[in-house]
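So, here come the structures, one by one.
The two complexes that follow have chain A in common; it is paired with chain B in the first and with chain C in the second.
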Partner chain A sequence: MISFNLFVLPFSFGLIYLLYMIIRWWTKWIRALPPEDRARFRKGIFSRQFFSGLKEVFLESLVHRKMFRRNALLGFMHMSFALGWFLLILAGNIESRIYSTSHVNPPYYPIFLKFFIHDRTVLWFEINTVPGFFRFLMDFLLLFILSGLILAMIKRGRSRWFGMTRTTHSQLTDRVALVCLWLIFPVRLLAESFTDGYYGAGGGFATQHLGNLFAVLFRESSQHIAYALWWLYSLALGIFFVTLPFSRYWHIPTEVLLIFFRRFGIPPKRIASSFSQVEIGACSRCGVCIDVCQLGSAARIHDIQAVYFLRSVRDEQVSRDITLRCLVCGRCQETCPVGINIDLIRLIERYNFSGSHASDFTYLPEPAPRKAQVAYFAGCMTHLTPSIIRAMKGILQEAGIDYHFLDEEGSVCCGRPMMLSGKHEQAGELIRFNRELILQSGADTLVTSCPICFRVFREEYNLPVRILHHTQYLLELIKSGKVPLQTVFRKVAYHDPCDLGRGSNEYRAPRELLAKVAELVEVPEEKEDALCCGGSLGIYTISSRKRDLITSDALDKLTSSGPEVLVTACPLCKKTFSRLAGIEVLDVAEMVYGAIPE
Partner chain B sequence: MTRTTVIIGGGVAGMTAASRLADLGEQVILLEREEQVGGHLRNWDRLFPNRRPGYEVLNYLTEELGSKVDIRCLQTVTTIFSGERDFQLQLASGKSLRCDALLLATGFDLFDARRKEEYGYAIYDNVITSAELEELFRSGAPITTRQGKVPKRVGFVHCVGSRDEKAGNLYCSKVCCVTGVKQAIEIKELFPEAEVFGFYMDLRMFDRHFEEMYYEAQQKWDINFLRGRVSECAENQDQSIVLKIEDTLTSRPLKMTVDLLVLLVGFVPSPETLRLAAMLDLPVGEDRFLEPADEHTKSTLTVKPGVFLAGAVKGPFSISNAIADAGTAALQIHAYLKTL
Partner chain C sequence: MKEFGYTVHKERLIDYDRNDKRVLNHLKKHEPSVLTCIACGSCTATCSAGQLVDFNIRLVQTLLRRGEIEPLKKEVRKCMLCGKCILICPRGVNMRNLILAIQTAIDKLQ
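And then the complex of A and B:
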């Protein structure tokens, strides 16, 4: 039995090269892990996490569950390629065992099986036999993939059907790989059909019928056509494998490693690391992050979205502009089907563009707080919206709380703006100062009015005290009956601040508070999908006009149900919206304060 | 056939242009939204740089108008139809007007100080605007804190709503610097014992006699000028105002207490101007003021034949500059009407 032909070489070479690249990079990444993470990895392989990792690989990398949740058509397209191809390889391998006595077959053998084997003993409809069943299955899987291919072609013209307004602008390597990928399956169908037709047997329900037709049409020359097609099939596969590590399809092997990294408890790092590199490689450039980016949808900036940013980092061509032009609102991260920590990678890259900093912070006063059980930290943004401070003071007085206003005489920044500009060390100075201030107060509860401070206190300060945003604290006070309230019959829309909602996962407390004092109206994009107000501290390289576009667009959506008041829980959002809103903009604390009976 | 010019806005620019056009023999209708002409000038007590009473200029402009001009107060334009060579104006009163040339002299609004919430205007008792202080001067009422005390320390915050990207206004309002210096001197005239501070980014004493006035403020009146932007204000128990500022000459943050804080509010384009501009398809700049046909050579013309601009519709203007600009506009209108 002849089981070699020259045409298998492009495929074989491509496959070897791809495997070499995967092994090389995986080894590199795993070895570059810090010792504690390497230990986690070793331990993980022999734990239950390994199997739950496999399950996740199946559900996300093959079935594309998250894509399905986003849009069924988009999910099906991705699934037919990934799951379809995987099953085709699996079933093909098993099928090839029928015709081979050897335990070890060359990898090309199952791929080009129909070229080598022309089984006349079983006909296409005899699916109750083992070979017949596999022929049916293989044809079915091939058509399954081709249905995805047709959808992919439709998507290029009608992306809206797939829930996407804009799609990713591709690179040359992506386009080469894409052309090969799109060629692979139709060419395989044709190659198998021509072969089956020429030999008059060996095909399944699709390939045999198609082949018989070709045999009638092309007669003797169908053998030559078939041979050319097998070459083309092998070339398409080979070129695809060789370009894969340099194209978006590198995400296929990389995402698998990322899933295991996560399952084994390896945490993301603040500096460039294996983890961030694997995350960057795992970006499939599906482009679902493009539509959710308000810089694109509202401010018409279309070249900085997460997909382009991650690509430029991977290609080591990251620019200052693409790194700094981002609201760091977290919307893309929320929607990313791979779950990449996009904001973190932005901040890692910002570190490289952070430049020097003039201030030495020696002007910081010595902290000298008074002891109290509750410490209140307004935050610098709240100092810019004194009506919120007035409301907080009023409510705390009404509730009879013994509290110490930590930053009444002036705030030292929580450190977030420094972190957002990639200045870790300078942020560290501020964090040390405030941490000391909080610890010296002896308070067991720290309340802040600013979601930005709130998030940083929780994530960076490592404080042995309860940290609450004022919405959470006020809800506690009201539930314990310390603050009498009367409902003010006003229709209000609530805006989720980025750092309180997506950043700190607090959606409930402000809504519960507002429900007690007013009537909440519908808001189209809320909670995880909430819009950024445009006032983000994470960006300073766009004009105020562009910011205004973002703010106005968010305001249009937030006020679409005709509320009387727009309520938010962040002084920065309040300040940003106030300038352009046609209606009153208040903080939740002000709403509560206004509802205390005279 | 008589050629008619309608001037929308009876402030300094509108009044001047009306007088000049009437002098040139043109028939003019001056439309004013308020009960009286005079615009913002009516709210001024004394004018910079020489501190002469504002009413002197107002009276002069009013007398000049005399009976040469058809002045119609309490009028608002609802719609403008642009014809081939003329314009039809629909007024809120129900009347309509035809004219051959149209001059927009609808001026400006003052920046709403509540938008800089960090300064505490409309939140704290003793934060007022420069316009309110001028009004106090004009009314002759005693100047005290809201609690009725004589202010011992008074602060002036420059550039409130001007040159402020966060407020959305990048432009300089030109006249607030000199107004701040003028009002600071006037406070010292009233209360020689008071300490007066000016918080500025840089003082733009662009016109004649302004710089001398700034010298006088420092040398004769001992007014302190601190370079730095006020970042935020808070209220003490006694309703005095604590303000935080970075003294950028020493690079140190400072905290100060004043009894009265005056916010020098700048110019913003009026919504009325923008509404009329939209009806006439006139180009609006990034700063939302109207664009003339050419910044240097056709500064009172627009891209639309027959439509002219004068004064603060084009950005911040001082009174003397508005008068000069309106004179130019009148000459351009006269020249245009002769071509009809």
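And then the complex of A and C:
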């Protein structure tokens, strides 16, 4: 006999629709991959990567490990919903299989099991082997999820307890889905309790006792109330499933695909692609990126944060001004629990807005550098801070290095600022010029003072030479004993430039250098969490007043432990800070140069 | 002969009452800092491109106000967007977006 009642229809319809959407979009995304990536995907499915992908899905999508690392309460809240619901579905399926008389059950059967089976005698498994095992387990899991629901409600008012100052402003679809999601579990608890109470059996430690209470309170009518609650439960599930593809919860299926894309070695692309679309869909709008964005915390700009930007891209409503209003400092990317390449998606959108204008760089001269073993490229910004150039020249002379100063007469831009505007082709022309200049110098080591140049040299130039930032090179010189140093006893705070730290993963060299010449003091947000100085070339649409707010805020934090000197490793950071800092701002090279004995 | 010295070439005539203000108006809305320029020339003095070619942000400002769209379009192509000018500007003119916004405005005209 097939168990059926009309109320299973909303749930069943919702589930079928959701499965249809997932299959439709997954196939669309996988088929839109370029051939080599599709081959990677096919190969990946039958490799060990598939299982490590499954493990990652378990750890990140269900347990929410990264959320736990951030804040235990936040992690528990996400885990109770994801892992709790997953286990509830799993245990419910096993339970229904054991108790059912037929082998093929309709998908709604485990979900509404207690409506269909309330006769204890059917439960032979529990009576004979582990009495009450599933009744206990199902109640326990339901309460586990409900504990997360209570936390989620508390988070609405007390987000600070969860390590968040601001939370995401939700859209209509998000709110509808959220209301349904919040309804599902309490309604399930009530529906089961009323049913168990009416029949006087079948419930676990929570549902049975609650049910008995309801039976006393509502007597005969508890049967009708139970039936209404089963309808409500099914409706909440059905509406949740139907709204899911249009809400933030679309991240649930999409993140799974993203994890496999990454595991199978499919690389992110520079232009809009399946990969970027999957990343955009995988954003859960958890809002962790909101607090770290300095445009919000320091400059009171609250509509451009990664979560809103990705949402507007997904809804195809992104504007040029918002796309260009981002420091591209990488702080949100660093903190994103899904690991979305947010900066890259920002640049993809900028590329889409970059328009039809070609550049005219016909004025670039023929590169004709002198041959030398070491080539030094100061960069545009360093030309605005001549003291850094003076320091570098002094140190290189002291060490007796045969070097050629590639851009002594003025730089041709490295191309990264142009790339940040989304103009790839135009940046390519500048890159070609500088690449030729570097190659013709015949140097085997390229040293630059600007982290912006450093990053683009490494990422885009494809040079057959060693590329070093001056902090790395100076550390080498000092370690090899070519530059004698004495310690200057000054308390210094070090600021990590975005493109050197998060952008190029170099945190050690400048600190090691500074430790040799001065005393480093604690800085509240450093290394991966370092602040942007506010001078970023990544942002186009911002007023100079707002920039100053970011700079002042960063300065307050950097100087909170009372250093005598603020040291950085980027001419742009130095220039930006110097205008507003109450203390001296120096580059690491200047500190080193100042520590060379007379 | 009587017009000697007073001839004005039509194409060199700039009628401030009939300027094509469409690009300027777009900028007033999207990059209002353009109006604070005092034409001090610091940007031009520090310009990376300006060291290699005749490129002058003040000229860009002039062309913008005169509504000379074709020469404006040609001029802004020389910019490398390196951003030195922004750091130098005493008036906080956002030069990099000035260049991009001019291009966007011209794209919108077509």
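Going forward, the second predicted complex is superposed on the first by the 577 of 598 C-alpha atoms of A that agree within 3 Å, B and C clash if a C-alpha of one lies under 4 Å from a C-alpha of the other, contacts with A are read in each partner's own complex, and residues count from 1 in each chain.
One rule holds in what follows: a contact is a pair of C-beta atoms (placed from the backbone, for glycine too) under 8 Å apart; a residue touches a chain by one contact, two chains touch by 3 or more.
Note that the structure is a prediction, hence the values are computed from the model and not measured.
Undergrad: Following superposition onto chain A, is the placement of chain B relative to chain C best described as a clash or a fit?
TA: Partners clash after overlay.
Undergrad: Look at A:363 in the shared chain and tell me whether it touches chain B only, chain C only, both, or neither; answer first, second, both or neither.
TA: both
Undergrad: Answer with first, second, both or neither: which of chain B and chain C does A:265 touch in the superposed model?
TA: neither
Undergrad: Quick one: classify A:524 as touching chain B (first), chain C (second), both or neither.
TA: Neither partner.
Undergrad: Tell me which partner touches more residues of chain A in the superposed arrangement, chain B or chain C.
TA: With both complexes superposed on chain A, more residues of chain A are touched by C.
Undergrad: Looking at the overlay, what does A:578 touch: chain B (first), chain C (second), both, or neither?
TA: In the superposed model, A:578 contacts chain B only, not chain C.
Undergrad: State whether A:106 touches chain B only (first), chain C only (second), both chains, or neither.
TA: Neither chain B nor chain C is touched by A:106.
Undergrad: If we overlay the two complexes on their shared chain A, which of chain B and chain C does A:537 touch? Say first, second, both or neither.
TA: In the superposed model, A:537 contacts chain C only, not chain B.
Undergrad: Thinking of the overlay built on chain A, is A:384 touched by chain B (first), by chain C (second), by both, or by neither?
TA: Both partners, chain B and chain C.
Undergrad: Chain C: which of 44-52, 62-70 or 98-106 bumps into chain B?
TA: 44-52
Undergrad: Give me the intersection of chain A's contacts with chain B and its contacts with chain C, in residue numbers.
TA: Looking at chain A, the two contact sets intersect at 363, 380, 383-384, 409-410, 544-545, 575.
Undergrad: Contact residues on chain B for chain A in the complex?
TA: Listed in rising order, the residues are 115, 117-118, 120, 123-124, 165-168, 170, 231-235, 244, 252-253, 255, 286.
Undergrad: For the complex, which residues does chain C have touching chain A?
TA: So the residues of chain C touching chain A come out as 30-31, 33, 46, 48-49, 51-53, 73-74, 76-84, 86-89, 92, 94, 96-97, 100, 103-104, 106-107.
Undergrad: With touch defined as at the start, can you tell me which chain A residues reach chain B in the complex?
TA: 363, 380, 383-387, 389-390, 408-410, 544-545, 548, 575, 578-579
Undergrad: In the complex, go through chain A and note every residue touching chain C.
TA: Chain A residues touching chain C: 320-321, 324, 353, 355-361, 363-365, 380-381, 383-384, 409-413, 417-418, 420-421, 423, 430, 535, 537, 540-545, 572, 575-576.
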